[in-house]
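Note that chain A is present in both complexes that follow, paired respectively with chain B and with chain C.
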Partner chain A sequence: MSSRTGGLTRVYHILYIDISDVLRPPGLDVLVVLLAMLGAILVSIQPVTSPIIASRIALDPTLVATALFLAIRSSAGLATLIQSGILNLYLTYPIHRVTVAVVLLVSRVVIPSALILATPLVTILILLGSTLYRGLDVILGMYLAFLFQAVLYGSIFLLVAVRVKSQATSGILSVAVYFTYIALHLILTGIGGAIGSDVVRRVGEAMYLPDIAYYAYSNLDYEVWQLTLVPGLSILVILAYLTYMSRRFEVL
Partner chain B sequence: MEALLRVSNVTKKFGLVRALNGVSLDVFEGEVVGLLGPNGAGKTTLIKVSLGLMRRDSGSVLLNGLDPYVDPEARVGVSVIFERPFLPDSLSVKDLLFHVARMYGGGFDDVRKVIKLAGLEGHEWKTFSALSAGLKQRAAIAHALLANPRFIVADEPTSNLDPVERLRVLELIARLNRDEGITFLVSSHVIPEVTRVSSRLIVMSRGRVIASGSPSDLIYKNPVARIRCSDPEKLAHMLKTSGFNVRIEGYNVLVEVGKGGYEVLLELLTTASRDGVFLMNIDFIGATLEELLSAGDVT
Partner chain C sequence: MTLPSRLLVAISIALVISSIVADLYGARLESSYRNTIPVGPGTTLFLGVSSVTSSGKVSVEVEGASNMYYMRLTGDPYTLVQQFRALNLNVSASRPQLDLRAGVAYVVALIQASPAIVQALSLLGEVIPVVQAGGSTPVIEARLATGDNIIVIVTEASKPTVSVRVNYSVEGYSRLAPLQAAIVSATIILVVASIELLRRRGL
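The block that comes next holds the complex of A and B.
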């Protein structure tokens, strides 16, 4: 009936099946329409000519929506996958469990984040393309900074989901982790400024990569290591997630 | 003969509970092995450990000669039907099966074949959640067949099904074993279902294998007579005083025939009938799960 196929073919088809679940309506489709409208409204209220400002106006609120989407659809969704036994089904395929974990990271974090964050930018570029097209590289840079930030949130949420394995708990914990992270970022930045500690302030700032990217493109004061904190944290969390999936994860 | 699955002295603990306690078993090509045991015996844990879905604490598992927890190639040609089947719901069953078929190098022809084989025709465009319990099980079977399996592990494949669907699923297992040569490991706690299809039985209790052998050795060696009568208390007393192991279930008296023999039992029943006990029905049935568990030294 069948013949042996390559690992990449298997990965593609699992990715297709899982992404169909992540993107199934209603969810991302509604969010995309709302964010496209938000982008249009924002640039209509405050027409800007700077690609840096335009990116921030569009992407700051979008990142909040992305984080909440990831907490609900990705983290709680992955926990549902575990509870329902579908993840067990994926693991019965002749594919290494690390590969399945990578597929889930791509389908549940990277692709939705990339799509959601791109939506208002596309609207803005359509509406203000004539003034912004010279700054496409800056817009792309800002987009990547926001994407890295979203991937950090998403990978933490996936780690939460595979650890707690409960839909409600992982959704609630993910939202709590997100707001704790934002609070920590604001507190460290504020405290650092208040007590005059440059290191604490810079660590606080570096926890939000779009701020540092904004400083970099605006020629404001920043240090290069600040650009590496969020990607570095993301890599650490992803490694922890992959290690847990390959060595410890099991569905009872 | 090379074993498709070889489990050797496997232990698995959940906290302080030993779910598997030194379990060893082999499954050979062409067999239908029934894994019997009450709920909590460790059947599902054993299946998950055997497939590499769960870590073992000690012992070894070889599936197709490879450790399935480490090497995913061990699962090539191996399919699973879980107790509560659940397939992704975002695609129609046919689309989903197509992607699974592509994973194994197949295509729409394979999908059509397994849909027909599993009896899913007319329902393939529905999503999984729109199917009835029986059709969900059939979809899970169709899904399992797409891997071109040599070996299918079915964890309580008939639970949640009505009697008609149960029979159909068991017939399908028997047909796939007979016609396609597929090896099965079927877990259940319902003896008549497992004995209907199994060539060999393995009985588990509290994380241990307590008995194994052919159905005739295990189930029918010590048959039980189920006697429906007008005065169960009186009949039970008569049989007990003659040395039979007896227990009463409602209007039925259950007698272990092996201890005294058929002839003696029939003579006693004749006497009881003369003494005014009206005998309505006599069935000779195999051992129950409780009897198998209490006679756990059969191996």
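The block that comes next holds the complex of A and C.
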């Protein structure tokens, strides 16, 4: 029992130290002020009365900034931990490697994404509360869709970081992977529409979960499997990252 | 400062600045559109009013029409105009005019007269003929939810030019005034400062 409590305490310590590193001021503070302001301005320069549209307008630019934050702070930051030997120190703790990998995933991807995406939403809910309060469930659903998309990007970035182990390379590669993914989503959607291939178009659309969530809430045409592509891809990438960390990863 | 305190301060700063910007350049609750279009024989006038991001009440007045229809539709009216082009109908469409601050868009197009227009539209929804009583100018009124459109089709004009007047008023929208936003922000900062003070004193 005491060993289990000690293990949990060690996990908590690593989580706390790593979150403090990832979310250290002033980077996060400046980013959330700008994103919350941008989201609120975009939503209030037009009389948005639909919670679906309000959440999309606020979260679309926020997701781009979140992806870049994850590429720099999470991916390049994790490579710095590897290069500086701090990750080596984490791995000397009597905790399973997979647990350390899960803690890094939570502290470097899930928590930052959840916080950055929530900030503009809270701001627009305060600003337009009386207009949007009827659609809190829809706003929560859209938020989760954006969060899943951010977790997919972040988990890919972590896999890149533990594979290349170089701060600059992992940062650059993560940004490149992000833009390649977005380009692929646009190309498949466009080509699918142009050649009349429903499958190609739907795969392209499904690569961006917020679009499918938007279609679902707006009663537009979508298929249920499209809602599962991004979560499915996220699970696959996370499994690949955990497997790599537990079996193949070697500290420098 | 703790992470929640930092985020709350960020939200309160963003709230004040965005409410000031919204007050200066923000949403308007009224929008109007006027246009006089020369409609020759063998031409159909197409007018679409689309509530892009808002919802509200629209009234459309058409002067110079002897036969016209209207219908409600969801989707993009500009795409509909492009679909008429796909039916090999000669379409001269003006670009859609977006009133961003009212969240509404207007599309006017001249389409080669064809019974296919009303037939094609009737596949998408109920096409309602507008009855004109005693030569008075008919007024079409409707409430539009976000993403809804009202389409007006003039298939026969009584004058060489047709005048359209559209008034749109936003409904169901309100936001904090800058003073209210400043009060909310000041309250948040006061709460954060109190919590931080208590935390540092170890209470």
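Criterion: the second predicted complex is superposed on the first by the 247 of 252 C-alpha atoms of A that agree within 3 Å, B and C clash if a C-alpha of one lies under 4 Å from a C-alpha of the other, contacts with A are read in each partner's own complex, and residues count from 1 in each chain.
Heads up, the rule we're going with is that contacts are C-beta pairs under 8 Å (C-beta built on N, C-alpha and C of every residue); 3 or more make two chains touch, one makes a residue touch a chain.
It should be emphasised that the depicted structure is a prediction, and the values quoted were computed from it without experimental measurement.
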item: Which superposed partner A:88 touches (first chain B, second chain C, both, neither); value: first
item: Partner chain(s) touched by A:44 [first = chain B, second = chain C, both, neither]; value: second
item: Partner chain(s) touched by A:128 [first = chain B, second = chain C, both, neither]; value: second
item: First, second, both or neither for A:14, with chain B first and chain C second; value: first
item: Which superposed partner A:29 touches (first chain B, second chain C, both, neither); value: second
item: Touched partner set for A:251, first chain B, second chain C, both or neither; value: first
item: Sites on chain B touched by chain A in the complex; value: 14, 48, 51-55, 72-76, 78-80, 82, 84-91, 96, 99-106, 110, 113, 145-148
item: Chain B-facing residues of chain A, complex; value: 1-5, 9-10, 13-14, 16-18, 20-21, 24, 84-86, 88-89, 91-97, 248, 250-252
item: Interfacial residue positions of chain C with respect to chain A in the complex; value: 3, 6-7, 9-11, 13-15, 17-19, 21-22, 25-29, 52-55, 100-103, 145-147, 170-176, 181, 184
item: Complex contacts: residues of chain A adjacent to chain C; value: 19, 23, 25, 28-29, 32-33, 36-37, 40-41, 44-50, 53, 57, 115, 119-120, 122-123, 126-131, 218
